[in-house]
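Below, chain A partners chain B and then partners chain C, in two separate complexes.
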Partner chain A sequence: MGVPRYWREIPSRYNLIGKKCGVCGKIYFPPRSICPTCRRKSAGKMEDYKLDGKGTVESFTIIRVPPPEFEGKSPYAIALIKMDEGCYLTGQIVDCNLDDIHIGMRVEACFRRIQEDGKRGAIYYGYKFRSLKS
Partner chain B sequence: MRDVAVIGIGMTEFGEIWEKSFRELVAEAGIKAIMDAGIEGEEIDALYIGGMSTGRFIGQEHVGSLAVEVAGLEDLHIPSTRVEAACASGGVAMHQGYLAVASGMYDIVVVGGAEKMTDVVGGEATNILASAADREWEAFFGATFPGLYALMAKYHMHKYGTTQEQLAMVAVKNHYNGSLNPKAQFKRRISVEDVLKSPMVADPLHLLDCSPISDGAAAAVLAPLEIAKKYTDKPIKISASIQATDTLSLHGRKRFDALPAAQHAAKLAYEKADIKPKDVDVAEVHDCFTIAEIIAIEDLGFVEKGKGGKATEEGLTALDGEIPVNTSGGLKAKGHPVGATGVAQINEIVLQLRGEAGERQVKEAEIGLAHNVGGSGGTAVVHILEVI
Partner chain C sequence: MASIVGYGAYVPRYRIKVEEIARIWGRDGKSVSSGLYVFEKSVPAIDEDTATISVEAARNAVRSSKIDAKKIGAIYVGSESHPYAVKPTATIVAEAIEATPELTAADYEFACKAGTAGMQNCIALVESKRITYGMAIGADVAQAAPGDALEYTAAAGGAAFIIGNEGIAEINDTISFTTDTPDFWRREGEPYPGHGERFTGAPAYFRHIVSAAKMLMEKVGMKASDYDYAVFHQPNGKFPMRVAKMLGFEKKQIEEGLLCPIIGNTYSGSTMLGLACVLDVAKPGDRILAVSYGSGAGSDAFDITVNDAIEDYERQNIRKMIENKEYVDYGTYMKLRGEFK
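Our next item is the complex of A and B:
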């Protein structure tokens, strides 16, 4: 896999840069070019917006049979997370006992290694989530 | 727009068919359908073939041309189009064929669907299937395809109290039906305990909650209803063919306890066919995972949202139930060669409506429905077929 494919997503994957619709103000992550509510009115008006990184687990699963890129990393938790800004994303939950993960759990983003392109290839980083200490 | 009928069907056995190539599978299903329709090659105006990822499964793209060659139709130079919409490739190919005939552009159209999944090893197949999800924003972070359906399952269980046992009952029912289908990959009956004891793939989905990796092909021949009687005594009318779309990613959807694209397609299909969900006598739904069938019977309006698990437990969808679902064994037991699935569902509904389904025949089936889904719900196709 070519490195540019990963390099171009770095702002969003490292710093949770999404988009805010310049018309209705709704926040989108992953970034979108058009607001599905405002559609043509939003063209050219989608502004970069950095998410705060905090959210709530809407659903989760423990992956026991991983894809080849995650061989040796299972079991690990994948969750659907509702960010406080209202958008949803998919990410791993780490730094906790898998049995403690539950729907409604408050989480915050952290910067982690996600996968690598073989033994000699590039290492890809991005967001994962951990329990938010109140 | 003209009314369209299915005048012929054909399919291969589904399973790990190591001795047959993609080409041979396509040829076998196509020839069976053409023989069944009683048509000559010169009568065929166009071909459509559904295939999800022939490029990655067998290193072969351009399978529209391949299909014409295996059918020996090259001297006719008819148009042949490969259609891709992940696991809904077959259903979308059916929709394309339907549009081509309904519009008046073509009279006789052959629709096929095929996938050869066992020429790659297991991990590679999992990776290829993950391309039906959002590669950059789901798969990159470690989500697998079973993982996405597991997220829906966990959500459904949390919201409605659906249980692992109810999920397992979908697999038990579909394996029972598969045991009555000579073409099914799995003809072995299983118990709820077998499902719950099978290895966990992505909580709460066990191995036996998941459809298998399969090889296979299916085909159907379409014609304008007004001339269908020329070819067969039992033409089956396509009273609705609806395709709908949603976001590629699961996290982009408006809700996680339903597939909004499938709900939308079902609503439009019932309107077009002028029927209500309770009028459906038999249905083939996209049970790539057991939770998918529970969500499907809700989205199709057979039961209220949230009641799918309970309804399955009570036998609503069993072979002798009020609305038998997946009489073929479904994706779970019949097998799921992804590109073939949508067309294989049409094969089963046509068999049921003709009264040719053998041991698994539903009595007096007159209206049948097929529900085919791509990815985690990014594409949905609903067909309603009727005896005329």
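Our next item is the complex of A and C:
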């Protein structure tokens, strides 16, 4: 991933800070500097917006053959999650039996270790999702 | 006088039974379990470490206390399993609760009492009016060599306390008892700690906790029977019960804060998690004695009075969180701990 990129994205990765268009009110994550609907009208009017962290699983897949940086961690679930604010995120679902994950499952964001640059490199933290108990 | 403004805790969801560990090493699980008075311990998920546990506890504390995190002027994270040897855990926590950038932050290490050392620093900064709020965290993903006696108890979890001027419980006084006693250590670059076996008992754990507790009770004019609750560091389930008896406390005074039998020894999180559990059920006017112990060695003792504000505090119900668990076998435990290289 690289340390400079990780550092730039810390507000989004740690605290789900996206953007809200000051013209149409639509919420974007990851943050955008221009609203694709309102275009130039939104210039300078995109405000920071913190997502509440709650959402619903729209779709998911189980990774059994992971890329090298996630070796030793499979199997794990990656889900497409519709946040309550309307935007979509992809994220790992944790602390859950893989057989219990289903479309429509309510989830909330949690703070986890995402990956690391080998044994000598930086550790990258960010959001994953866990089942939201009612 | 400084007060506890809020607290939050976090214990990972996975558990392994002591009997399952004993099975691998050819020991009698029931006798190991009853000998330690520990039945199961918490296990961190493969993506959990001291930083993630600290963040979850800190977020629970900020949420429950309803304070503005920007007003936190100091964050100290005490642990003996910080994810980096050089690079603070406290800055990760500060960023994750949006307390940056106007604050001081640092990591502490003093075996199992690094978190309460952070509490003492927060108390000092609040009482000297240098900060409005300070946050102290004790958290660990405790290491133990496979097959070592520590493996039956070394667990994961943590608690965060927010210290300020007015809150849910006043910290009437705090003292420490510290000596150079090499009962437990981990050398630079080594993955697992070493220890002095039975030497960790009388001259280490018992001497320091008894001394700190007696010194504090004498200073504030209290005796064991005056307290509603007491919390002592919990390297296993037996030691805190024995030290309580030595100091004149009854079982009913310590059982609310005694978590080690069901989650193991969370090291820096141990005393603070116990105190958080007591605050989950405490009533206004309740008096609490909390004494940590860190090998090396030292004890920090706190005399606390719960006040009326606890009635309106959004308590976390830590015991309910602990009940949400999933058991793993020894192989899965080793995978989650990252022991397969």
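Methods note: the second predicted complex is superposed on the first by the 132 of 134 C-alpha atoms of A that agree within 3 Å, B and C clash if a C-alpha of one lies under 4 Å from a C-alpha of the other, contacts with A are read in each partner's own complex, and residues count from 1 in each chain.
Convention: contacts are C-beta pairs under 8 Å (C-beta built on N, C-alpha and C of every residue); 3 or more make two chains touch, one makes a residue touch a chain.
What you see is a predicted model; the values in this text were computed from it and never measured.
Visitor: After the overlay on chain A, what do you see for chain B versus chain C, clash or fit?
Guide: fit
Visitor: With both structures placed on chain A, which of the two partners, chain B or chain C, ends up touching more residues of chain A?
Guide: Here the partner covering more residues of chain A is B.
Visitor: Is A:Leu80 touching anything from chain B or chain C once the two structures are fitted on A? First, second, both or neither.
Guide: Touch partner of A:Leu80: chain B, not chain C.
Visitor: Determine, under the contact definition given at the top, whether A:Val94 touches first (chain B), second (chain C), both, or neither.
Guide: second
Visitor: Would you check which partner chain A:Gly118 touches, where first means chain B only, second means chain C only, and both and neither mean what they say?
Guide: neither
Visitor: Can A:Pro30 be said to touch chain B (first), chain C (second), both, or neither?
Guide: first
Visitor: Taking the superposition as given, does A:Gly2 touch the first partner, chain B, the second, chain C, both, or neither?
Guide: neither
Visitor: For A:Gly44, is the partner it touches chain B (first), chain C (second), both, or none of the two (neither)?
Guide: neither
Visitor: Taking the superposition as given, tell me the minimum C-alpha spacing from chain B to chain C, whole angstrom.
Guide: The answer for the closest chain B-chain C C-alpha pair is 12 Å.
Visitor: Which chain A residues come up in both lists, the one for chain B and the one for chain C?
Guide: Overlap of chain B and chain C footprints on chain A: residues 73, 92, 114, 128.
Visitor: Which stretch or stretches of chain A touch chain C in the complex?
Guide: Touch list, chain A to chain C: 10, 14-15, 72-73, 92, 94-95, 97, 110-114, 123, 125, 128, 133.
Visitor: Show me the residue ranges of chain C that touch chain A in the complex, using the header's touch definition.
Guide: The touching residues are 13, 45-49, 51-52, 55-56, 59, 83-84, 92, 95-96, 98, 324, 326, 335, 338, 340.
Visitor: Mind listing the chain A positions that touch chain B in their complex?
Guide: Going by the criterion above, the answer is residues 9, 30, 58-71, 73, 76, 78-80, 88-92, 103, 114-115, 124, 126, 128.
Visitor: Name, in rising order, each residue of chain B that touches chain A in their complex.
Guide: 123-124, 126-127, 130, 136-144, 146-147, 150-155, 158, 199-205, 249-252, 256
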